[in-house]
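Some structures are shown below for you to check.
Consider the two complexes below, in which chain A is the common component and chain B and chain C are the respective partners.
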Partner chain A sequence: MRKVYLDNAATTPLLPEVREAMMPYLGDVFGNPSSLHDWGDGAREAVETARAQVAGLIGAKPEEIIFTGSGTEANNLAVKGLALAQQAKGKHVVVSAIEHFSVLHSARTLEKWGFEISEVAVDKYGLVDPEDVRRILRKDTALVSIMQANGEVGTIEPIAEIARITKKREIPFHTDAIAAAGTIPSDVGELGVDALSLAGNQFYGPKGVGALWVRKGLRLMPILDGGIQEGGRRAGTENVAAIAGLGKAAALARNDAVKRVKQLTPLRDRLLKELPAKIERVVVTGHPQNRLPGHASFCVEFIEGEAMLMLLNSQGIAVSSGSACTSRALKASHVLIAMGISHELAQGSILFTLGIDNTAQDIDYVLETMPPIVDRLRQMSPLYSKFTKASKGGK
Partner chain B sequence: MRKVYLDNAATTPLLPEVREAMMPYLGDVFGNPSSLHDWGDGAREAVETARAQVAGLIGAKPEEIIFTGSGTEANNLAVKGLALAQQAKGKHVVVSAIEHFSVLHSARTLEKWGFEISEVAVDKYGLVDPEDVRRILRKDTALVSIMQANGEVGTIEPIAEIARITKKREIPFHTDAIAAAGTIPSDVGELGVDALSLAGNQFYGPKGVGALWVRKGLRLMPILDGGIQEGGRRAGTENVAAIAGLGKAAALARNDAVKRVKQLTPLRDRLLKELPAKIERVVVTGHPQNRLPGHASFCVEFIEGEAMLMLLNSQGIAVSSGSACTSRALKASHVLIAMGISHELAQGSILFTLGIDNTAQDIDYVLETMPPIVDRLRQMSPLYSKFTKASKGGK
Partner chain C sequence: MPVYNEKVMDHFMNPRNVGEIADADGVGEVGNPVCGDMMTFYIKVKDDRLEDVKFKTFGCGAAIAVSSMVSEMAKGKTLEEAKKITPRAVADQLEGLPKQKFHCSNLGAQALKKAINNYQSQKKTGGKKK
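After this line comes the complex of A and B, so read on.
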């Protein structure tokens, strides 16, 4: 059976070059970067090389990069660490309604600590209106956190426009670029943000490593206390191998950015166009144009996304029905609900996220395999039979 | 030149079997454990296998193990997470004076959040007296955190005795077993504790992964918010490769425990006995008997530990002058100061931590190489020349 992995939003595979870059640090160069001897030096050099590579990807200064243990940790550090450090200014924090749970639930924790959280709504495409951000800002706003792109519906937010507003008001602006960085340009100068999170396993780097960029001079409260690693901003022995891998993945992403977008976009566009043509009552979710190059997401009416996922899996196709971080919660996606999609329709969410290993044949296979699966599932759906009867009745 | 790594407290090398166990998850089995398809299943099975292996090392139930991104994170989660979850009971937390900074600085953060911290003193060997713990407990004590063994001086604490006291008072007791687990028995049943931290890179596993064991039923507040990984207790995509490596390292440590102790103890004992015999005015730090099997630590009078470290490094020998997490802070160790050692003498701290790759020839080389280095450094020390003049004058 053909094997087609279309869940790159959950995690990408490791590129062979990335694995190669990690291997010395799982072998002879095993020292602790904090150690003052030769064994430490080799490890420290690897970390500093990677820091420069990650900085290069986003147009930042290396000393502004803080390595973390995951994208989730980077988002926690950004939201909690920046809000706590700015709390003398005020205790109001603005997020969008479609942030990842690592941002939204960090905001919930801030709420327990006496902060007030405002959620900016999105339109039916999942877009934030910068004017809505302007209106929601207050004198005591300590932080704005809005994602660069949404991993569930692929929508790319107008970050630079929002940044012009926050900059005028001198309010720190963090963007969760985990779904975006390494895939589309995330240059911190062009975006105009003050802090940005990214994660290795979103662009062919390893799991277990993320990074937070914070503009020099902006105060940050650490969330992991201990040693003085990462300039005292994140304690804990550095995961040298994973950091080296992240650095290599960043260098490759920077180099191959244009090529990757050119490869992914037409494959994505075929799915976006041909799936709704082949299957009745399928709607594209997310923005029709402003979306991640490898990202095709839909809601299929009268279907449970999980069931569709299982049957596609039995045919060798890996997809998702929402964010991997919430997939086991089996709740309707807060992203789709915020976009005004009904709970019922949101249950039929399905998400194809392409990677650089995918080919036109993979898309052919999906377009062939999926319609009979949808048919089969709909045959079992009482709602669907009710609907078809009603349609026939109406004719 | 001979290369002798004697800084296993900073980090151990990876065993080849551990690296082998990691490789599939840096290759074909790259899925996200949260994904509901086959790619996710392979990754999830790896995580669950490792969970059982880590549980096996410490005599715990697999579902009680929470994987983290480092030992430091495990300690942060334990100290903050347990204290915050018990705060209805009270806001008093007890730690020992010689805890790692990941515990001590977490306690400092709790202080900012309205908790009161009591530090239990230690004797000249670095030992906590259980009676001191008993005396310091209060009605509102929410948590006690005392390490199983100290990584800087090797002293093993009387955890089981302390646990008998905390248990009677129904106060949760966490032990930082990062320096101990995988090296000496850390069976949670025998120790009688309620929570225990460990880290992969302390027993030939990878960096970037730790674990916190928390007794079933004991409440814990997460410190990283987001997805529902690790039973909702630690958000973030699992570092599958590192977790698999930690599991393998735990299985090997459990299997080889007796053999390793037998190998390390006589080598350590030669250092403890012969270095002070070969070099005048060298004192052993830590307990003479109750100490980690591979751990030999000293203070060398009239010498800067850093300088000694550098010169030993130039002869191919890697040692440390304190905890790797603080080595770049260049301050006198809080552990030595708490043991009543003067700031002056504490500057001459040197720490040999042996690993399973070390041989008798390594020890010969150290015993040969170190005395002339100490002589050379003392020749440059104004304090030493003052001392020798005074001694001569006294004769």
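After this line comes the complex of A and C, so read on.
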């Protein structure tokens, strides 16, 4: 059976070159980067090389990069660490309604600690209006955190425009670029932000490693107490192999960025165009143009996402869904709900996220496999029979 | 997919008794699309027994497997026997459901019971309440 992996938003595979770059640190070069002897030197050199590579990817200075144990940790450190460090200025934090839980739940924790949180709404495409951000800012706003791109619907936010507003008001602006960095340009100078999170497993690097960039001079309160690794901003012995892998992945992403976007975009566009043409009552979620190059997401009416996911899996295709049944919390995706999609329609959420291993043949296979699966589930669906009866009755 | 066991997967991949009964003696609908799962059960009754049971389900893999299993368990049973089918019994017949999916199995038995109640209340003479 053909195997087609289309869940790169969950994680990308590890590139062989990245794995090679990691191997020495899982072998002979096992030292602790904090150690002063030769064993420590080798490990420290690996971490510093990776720091320069990650900085290179986002146009930052190496000393501004803090390695973390995941993208989630980078977001926690940014939201909690920046808000806590700026609290003399005020205790108001602004986030968008479609942030990842690592930002939203960090904001909720800040709320418990006495901060006030404002959520900026999004439109039906998942776009934040910079004017809404302007209106929501206050004198005591300590931090704004809005993602560069959303991993569930692919929409790319107008970060540079928002940054012009926050800069004028001298309010620190963090962007969660985990879904974006390594895939689309995330140059911190062009974006104009003050802090940015990224994660290795979103661009062919290893899992369990992320990075937070914080502009020099901006204060940050560490959230882990311990040693003085990462300039005292993130305690704990570094995961040297994963950091080396992240660095290598960043270097490759920087080098191949244009090629990758060129490869993914036409494949994505075929899915966006042809799937709704082949299957009735399918809507594209997210912005039609301003979206991640490998990201095609839909809601299919009258059926549920997990059932679709499982039947696609039985045909060798890996996807994900934002339906309530798919989530362990049994809640529909907060992103889809924030975009004004009904709970009923959100149940039919399905998400194809492409990667550099995908080919035109993979897309052919999806386009040929998907319609009979949808049909099969619709034949079982009481909602679909109500719909067909109603439309027959109407004629 | 390791989330579901083989038995659940079998009932999901090859659900038994899917469909509607045009001249059903009783129909029961539970759940709603907003909370995730919705099931409609159709029954045909002869001599106080379930001669035929069919269903339509909107929902996840577990919801479909549960509906299929309930329909299989109910077929041929007397109405009173069928009303005693519990969510736990359905889950046991399926050799277990993931914890967070257990609520789905409540719906199958409930929808069947609703269909039987619907039949009994239509009959009026036998329309006693449980």
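A few remarks follow.
The rule is simple: the second predicted complex is superposed on the first by the 388 of 395 C-alpha atoms of A that agree within 3 Å, B and C clash if a C-alpha of one lies under 4 Å from a C-alpha of the other, contacts with A are read in each partner's own complex, and residues count from 1 in each chain.
Everything below uses one rule, namely that contacts are C-beta pairs under 8 Å (C-beta built on N, C-alpha and C of every residue); 3 or more make two chains touch, one makes a residue touch a chain.
Quantities reported herein were computed from a predicted structural model and do not represent experimental measurements.
Applying the stated contact rule after C-alpha superposition, one finds that A:27 touches chain B and leaves chain C untouched.
With both complexes superposed, B is the one of chain B and chain C in contact with more chain A residues.
When the shared chain is aligned, no partner comes close enough to touch A:349: not chain B, not chain C.
Looking at the shared chain after the overlay, A:175 reaches neither chain B nor chain C. By the touch criterion defined above, A:358 reaches neither chain B nor chain C. In the superposition on chain A, A:201 makes contact with chain B only, not with chain C. Contacts of A:381 after superposition on the shared chain: chain C is touched, whereas chain B is not. Of the two partner chains placed by the overlay, chain B and chain C both lie in contact with A:306. Within chain A, the residues touching chain B in one complex and chain C in the other are 306, 310, 313, 323-326, 328. Contact residues on chain C toward chain A in their complex (touch as defined above): 1, 4, 12-13, 15, 18, 20, 29, 33-40, 56-64, 100-101, 103. Chain A meets chain C in the complex at residues 302-304, 306-307, 310-311, 313-314, 323-326, 328, 330, 342-344, 347, 379-385. The residues of chain B lying in touch with chain A in their complex are 5, 7, 10-14, 19, 22, 26-27, 30-32, 34-40, 68-73, 75-76, 100-102, 105-106, 108-109, 199, 201, 206-209, 223-229, 235-242, 306, 309-310, 312-313, 318-321, 323-329.
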